[in-house]
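Labels A, B, C, D, E and F are assigned to the chains in the order they are written; within every chain, residues are numbered from 1.
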Amino acid sequence: MASLLMICRKAPYGSSYAREAIDIALAASAFEVKVAMLFTDDGVLQLLKGQNTANTGSKNVEAVLSSLPLYEVAPILVNEDALAQRNLSVSDLNMAVELCRAKDVSALCAQYDRVLTI
Amino acid sequence: MASLLMICRKAPYGSSYAREAIDIALAASAFEVKVAMLFTDDGVLQLLKGQNTANTGSKNVEAVLSSLPLYEVAPILVNEDALAQRNLSVSDLNMAVELCRAKDVSALCAQYDRVLTI
Amino acid sequence: MTSALRFAEAAVASGHDLFRVFFFHDAVATGNAYTIAPQDQENLPKAWQSFAQQHKVDMVLCISSALRRGIVNKREAERYSLSGANALDSFDLSGLGQWVEAMLVSDRIMTFGA
Amino acid sequence: MTSALRFAEAAVASGHDLFRVFFFHDAVATGNAYTIAPQDQENLPKAWQSFAQQHKVDMVLCISSALRRGIVNKREAERYSLSGANALDSFDLSGLGQWVEAMLVSDRIMTFGA
Amino acid sequence: MDNATLHLVQQSASASSALRDCLASCQPADPIVLMHDAVYAALYKPADNEFYALRPDLEERGLLDRIDKAIHVIDYPDLVALSDRYRHNLSWF
Amino acid sequence: MDNATLHLVQQSASASSALRDCLASCQPADPIVLMHDAVYAALYKPADNEFYALRPDLEERGLLDRIDKAIHVIDYPDLVALSDRYRHNLSWF
């Protein structure tokens, strides 16, 4: 089985990158690819608890991300340096994640067949 | 006569902002507006001497900017802090400019009827 | 351009006279009639169209930005022999003179760049 | 997407087999047939079209990115009752499965994000 | 009418230089509005200026209960009123 | 095939965080290609890694005679060869 690591670096609502990354993860998972996601840089903001799109006409990124484990997208990794730089901690996040550091990215890449930043 | 200060902050080829800003300056000038341009942040890179678009299919920003004085767009101001931060100096630029500092922006704005960042 | 729409709505609601909305650079995509929004999301071109019709607001797509990005009305489609036109009727395609005029007659300009 | 085109040309010239070019996010605008480039500038959609025809390269616009941004072919134009279609013939509109397939069969993926 | 300049910061302070460039150019008396992805900067107070942040952008991003107490939460009508009050406004994007 | 990762930095290092984020994540043995607006970072050498910059992007921007001598100027065929050599490449934009 092929494996894919997606490195998600973009904040959730300023562009459609976050939603489109989730679509890629689900598509790859549907093709039996083992998909992992690493949230780093502004990408960690996608995981913030309490996103409320009731009044904005946007798709709720938090809600869609929470479905990833059901599609066997795992692990969900988070760069704890990026969290700390934004005054955030694991308790601000909406799902169980595995923590890593920025310097682990190269070693992580080596474990997967393909890597995509988005 | 109305006056407009344009604050140009974008590098020249990564997007069409630089070309479009020049178009705005020329249009305003054609309507008898007194137009000044302040180049700051990555905008100072628009003024770099020696831009060569012969092989790239882009419009040469340096060439178009050099026509601004003919259209009485003046002064051409450059934030020298932004230059220094990029390892550049006035000798790297393709036209005569007036230097200013980042902290002068507010006082400059006060001298014009309208201000536009682009 | 959701922020710009919300601001325009609030400005009109508070009694301000909105002279013109000028769409420039990538924002000309707001005038693309072919935009299909996902079912649970707002169709921004149509939301702007309703706003303009309801409040009789003048909306202009910068013609040079629009042509570069493939947004054309019937007139431009004919001029360039294109098979169709995708600019919504509520948007005029016109030059930067429209922006300059708006700047000259208005007390404030607001720019929404992101 | 000029960089992506130059890279693709160099890859083909050096004997590489280019399996697919997948246009995603804002890059779907590369398939817009209504694009009018200024006279002294390259028309990028047409340059990609020539490249694809010359080298028989498969080019796909991500359909969900494309619909959101108002790039439609005849099939989608009919489905959504639009007055015309603006996707160039050389580009297919298709789903992310096309990206996944390309990823699985190719040795390398190159991403051009700016 | 107030002669200070109103600044509208519209991009993420971590991904872009918008806020940093604004702070380098503004005066201490200039008010700064955080909107769009710039509202993440409301998690801390970036400078001594008066700061405002747009409620809908905070809400969408899950920030409403997390922001620094010194930052004023505003709605679009408040932004209209702010733009009335200051002769010039500058957008940073 | 080399097990280091090839990094492609594609946005201005002053306007965006692309290069900074890349440097925080990469290893000393990872080569870094500057392209698009990222080529302005060739005016200085940003780190000890091996750096490459794309000639057409340098030329267009007037940088060809100004860049740090430690940075390798490459053309698209060289970029194809680099992407062949490294198992993974990451784009920063």
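Operating definition for what follows: a contact is a pair of C-beta atoms (placed from the backbone, for glycine too) under 8 Å apart; a residue touches a chain by one contact, two chains touch by 3 or more.
Remember, predicted model here, so these are calculated numbers, not experimental data.
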{"item": "Touch-network distance, chain A to chain E, counted in steps", "value": "1"}
{"item": "Lowest number of touching-chain links that must be crossed from chain A to chain B", "value": "2"}
{"item": "Of all other chains, the one whose Cα centre sits farthest from chain A", "value": "B"}
{"item": "Chain pair bearing the highest count of C-beta contacts", "value": "C-D"}
{"item": "Farthest chain (mean CA position) relative to chain C", "value": "F"}
{"item": "Chain C and chain E: spacing of chain centres that average the CA atoms, whole Å", "value": "25"}
{"item": "Averaged-CA centre spacing for the pair chain E and chain D, given as whole angstrom", "value": "38"}
{"item": "Distance between chain centroids, defined by C-alpha means - chain A, chain C (Å)", "value": "34"}
{"item": "For chain D, residues contacting two or more additional chains", "value": "38, 64, 68, 111, 113-114"}
{"item": "Residue numbers of chain F (touch at least two other chains)", "value": "11, 14-15, 17, 36-37, 56-57, 91-93"}
{"item": "Shared interface positions of chain A, touching two or more other chains", "value": "9, 14, 41-42, 56, 58, 114, 117"}
{"item": "Touching chain combinations (by label order)", "value": "A-C, A-D, A-E, A-F, B-C, B-D, B-E, B-F, C-D, C-E, D-F, E-F"}
{"item": "Chain E partner contacts - residues on chain C that touch it in the complex", "value": "3, 6-7, 9-11, 13-14, 16, 108, 110-114"}
{"item": "Residue ranges of chain E in contact with chain F within the complex", "value": "14-17"}
{"item": "Residues of chain C defined as touching chain D within the complex", "value": "26, 29, 32-38, 45, 64, 67-72, 76-77, 80, 82-86"}
{"item": "Chain D to chain A touching residues, read off their complex", "value": "24-25, 62, 64-65, 68, 95-97, 99-101, 103-104, 109, 111, 113"}
{"item": "Interfacial residue positions of chain A with respect to chain E in the complex", "value": "9-14, 41-42, 45, 48-53, 55-56, 58, 62, 85-88, 92"}
